[in-house]
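Presented sequentially are two complexes of subunit A, the first with subunit B as partner and the second with subunit C.
Moving on, here comes the complex of A and B:
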């Protein structure tokens, strides 16, 4: 026993219990602010909650929220918009980010500058990005329509037309997140083993063969991680859409997160919102489980 | 793969006929694309910056040539109907407090998970829940948070924002600190312990100074993410405790969009992140790419 050597009193007690109190705050925070709310979501999803003043009154109405789900007129467009948003934005971001990472990897100078510039969009408040593009998309004086005017074309209603609004929002998401994919893949490109590439070159492989059979397989783990990150985070997209279109016109650019916001805070349907939240969480977690298998696959294979 | 490469070697290599020219062309193409990427990233910022110096009339008429004015900044910062300065104070307080708490809680938790011989089940359960929470859209939890904070009398307080911002940044912070702890050679700390150092002082005097880059990366990123956070701040506060992003959004979602003020407010909202970025760039890049490449 080292007891005779150790400090006594408070310090001794802190030392003896370090293991527990070092983890306790994080566990406590997660329990109170994530586990409890998620459990509460399940309880809310079978209830109707009404406010009288600041007090909430709950009644047990399991059928009601499911009925609301099946009669929600804008849910199907929110789901399909979200799927289109995630699929298109993430695909384009991956392709552009990869191309850019490979190109910059070939540069002999200016890599640092490139990297510095590419972190800017990731760190700027998404709300500021929303206002930025709101100005540029403006029908009457936005820069896009001014440029169209210069070459003699009619102004386009980027955010105000039901057929274009979602695509305009997707374009902003691409602008925002290509740099993120670039950063992850560029780090991987910089870490590529030079000997392997040289060996391929010595063996006479041309550039495309080198890319297809050497570089891409080596980058696959990083590509999978970037893809997983982006797919999951694209589901969370809220800020820019809220600012740019608010989901409109109609429900043409309404995403699931925006729909949840409306149900919770504009229509005050806490019970139905909770049911939608539970379903969203289950969906996202299934996606995550599938993604983890994918990552494990690329690392072992 | 080797078959294909051998194939290629046998084929007449047209593409290698004039390697010098091909290399020069590839280089030009590279530069061109990079220049294009730079313009695409920077141009929107230039556009909103010049808009912020225009009068509302100059913006509405789409003028390219104009007399710059500081009126928009004065209006956003000084006018009585603007809550911007109040929001700035709220944002600074919330981001600072939540970052400080996140750093302490996450560093301790990561160290504990890394060094304190928790059973695998505990570690796996903790990390899995953390990851799961991180991927859940935050709006799904804002509903129950709203109910809980209302019941506790914390709705529309800075305390509610601090607590929720700590929670949403904790997974990233624990993850980052864990990677930094893992990158340390275990011998250093073991030597300290053998020399009679107590666990607490080994942590405080030996390990913590070694992960200072990790602390900086985690701190800078937590501060920026708290500063930028919008979904929670929009729904858990009213005007009295609105943060900067919420106020910026108000300029655009009012009945009449105040374009010039919105531009100025957006620029002001962006400045802290930009400043921090230039100070801690190296650490931010480490933070953003760590764990994803390994």
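Moving on, here comes the complex of A and C:
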């Protein structure tokens, strides 16, 4: 038994534990840059923080932050706006991205061109996208209203109307992120096993049945990944709405992330902001867990 | 069950002609093997019969019905693929019942059919498994089962055994033949393996470069290849081919190899013309009065038979010898070719000279 052991003593111990020590730098980095800030966020969420001169003063006031939560007048609209934003934008992006991926997958030439074109919106900096669409949405000279004018319709206040502003932002998000979904799903479509689809056709499936019973189940892993990414990123959407409407008019297009920004940096309520952040994280995690269960359900069912 | 007719079928991709004027008639209940090297068009022909590949010209008939414009699902065929092409997200039972569910058969009906087929193929204990949990041989059986439950007019096999190891391949070969004898369904089987073609086919179709070279019963094709390509492709070890000329000088006109050995009667061949003279290993003997001189190079002992490769002035000659002869590498030998078994081909066109 002992004959099989490595060298004894310090060297032996170092040899045996070397792999753990080699993880240390990564663990350290993770701890300093992720674990500590998250813990600090939890601590902030039960504190009131005030600044006097160059120093910050922390006091333990959990009740106060919870009270702020229930007396926050614009919180409910931020939550419902965010849910609408995520549900509509992600659903449309998934459907359009999937449809595009399936269509381009059938093309015999020009696939590479499509792929290249689709990367462009992802490459454009969000600030440029915001400015671009702000110009296009402009009431007086924006291209959308000019087009409406051409067919004899009245100009529309895309960003200035409480009923439209959120939808205008959603439209930009869709434009921005359909290509992302497309690229993920297109890669999966290109990797579909041709003979399995042939087998489905021979087995008697028409085009729709083939999509429903063979293609979609085969694409499910890629669809799950795209859906997961898009949901998480949509919950954090900030730049588009900040640049286009600033959350307005009123709070009609204010999303949770923008609201958080306001609480932190305009109202200087660091403790309450931290509490909101924590709750947002918990909420998103719960939604993702539900989504996973749903996907697992369809896979087995 | 049905006959299959391929009439003057063309296949073009743009300007590229892949196949032209393919004609083939397959009888009801026949087991036909399409065989050829990769790229000869055998899989394309099969996929055209299946409807997975369109045809550019001609007609395809299944059971007398023209199916040119019918979708695969409307042709009443079943197909077994090289990769097995099982649905990875469905277990074995659902893989096999997929086609029946699409046809809206009753649950009892499906259960009965699955029970029967899985018993025949010995799949009963695997019904709840997913394809990824099966071995290659098991996947192959499931693919067969999925085809059998369809009870189709025609079975199409696209190199179904290529991904199996050698022993399993031989076992499945026999099993597929036995299955065919049981079911009696018309079957078209594509393979690049001439042994599979020889052993399984009622009739085999040898294909080359997008065309059909010869159709016939395996032994007829083996004994009387119509082209040099068929002669070379069918039979292992490969047939010996000599560059030769018809010599007018000799009293009886003889076929003489480039190395100067007379090996066959010229028959009707014109004097002075060049020919390719082909003879199978079993028709060459070691004989001290033989016309070809050479040295034994490699000896391959297969147990029940021994092949000897002899280096001669006309190149390497393979022959089948009695193992009792105990041939040794390096021995000088003379070889006699059985003149009656020499096939003559035109070296330019590859066509048989009667």
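The rule we apply is simple: the second predicted complex is superposed on the first by the 259 of 301 C-alpha atoms of A that agree within 3 Å, B and C clash if a C-alpha of one lies under 4 Å from a C-alpha of the other, contacts with A are read in each partner's own complex, and residues count from 1 in each chain.
Note that contacts are C-beta pairs under 8 Å (C-beta built on N, C-alpha and C of every residue); 3 or more make two chains touch, one makes a residue touch a chain.
Owing to the predicted nature of the structure, the values given are computational and were not obtained by experimental measurement.
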Can A:193 be said to touch subunit B (first), subunit C (second), both, or neither?
second
Touch test for A:205: subunit B only (first), subunit C only (second), both, or neither?
both
Once the shared chain is lined up, is A:118 touching subunit B (first), subunit C (second), both, or neither of them?
first
Check the residue A:139 against both partner chains and state whether it touches subunit B (first), subunit C (second), both, or neither.
neither
Comparing subunit B against subunit C, which has contacts with more of the residues in subunit A?
B
Regarding the shared-chain residue A:64, is it in contact with subunit B (first), subunit C (second), both, or neither?
neither
Let me check the overlay on chain A: which residues of subunit A are in contact with subunit B and also with subunit C?
200, 203-206, 209, 213-214
Footprint of subunit C on subunit A - complex, ascending
193, 195-196, 198-206, 209, 213-214, 217-218, 220, 299
Residue ranges of subunit C in contact with subunit A within the complex:
47, 50-52, 71-73, 77-79, 81-83, 85-89, 98-99, 102-103, 146, 150
Along subunit A, where are the residues that touch subunit B in the complex?
5-7, 11, 14-15, 18-19, 21-23, 25-27, 29-30, 33-38, 40-41, 44, 49, 54, 56, 99-100, 103-104, 106-107, 110, 114-136, 138, 140-141, 143, 146, 175, 179-180, 183-184, 187-188, 191, 200, 203-207, 209, 213-214, 222, 225-226, 229, 232-233, 235-236, 238-239, 242-243, 246, 256-257, 260-261, 264-265, 270, 273-274, 276-277, 280-281, 284-285, 287-288
Contact residues on subunit B for subunit A in the complex?
1-2, 4-6, 8-9, 13, 15-16, 26-27, 30-31, 33-34, 37-38, 40-42, 44-45, 47-48, 51, 59-62, 104-106, 108-109, 111-113, 116-118, 126, 129-133, 135-148, 150-151, 163-164, 166-167, 170, 174, 196, 198-200, 203, 224, 227-228, 230-231, 234-235, 244-245, 248-249, 251-253, 257, 259, 262-263, 265-267, 269-270, 273-274, 276-277, 281, 284-285, 288-289, 292-293
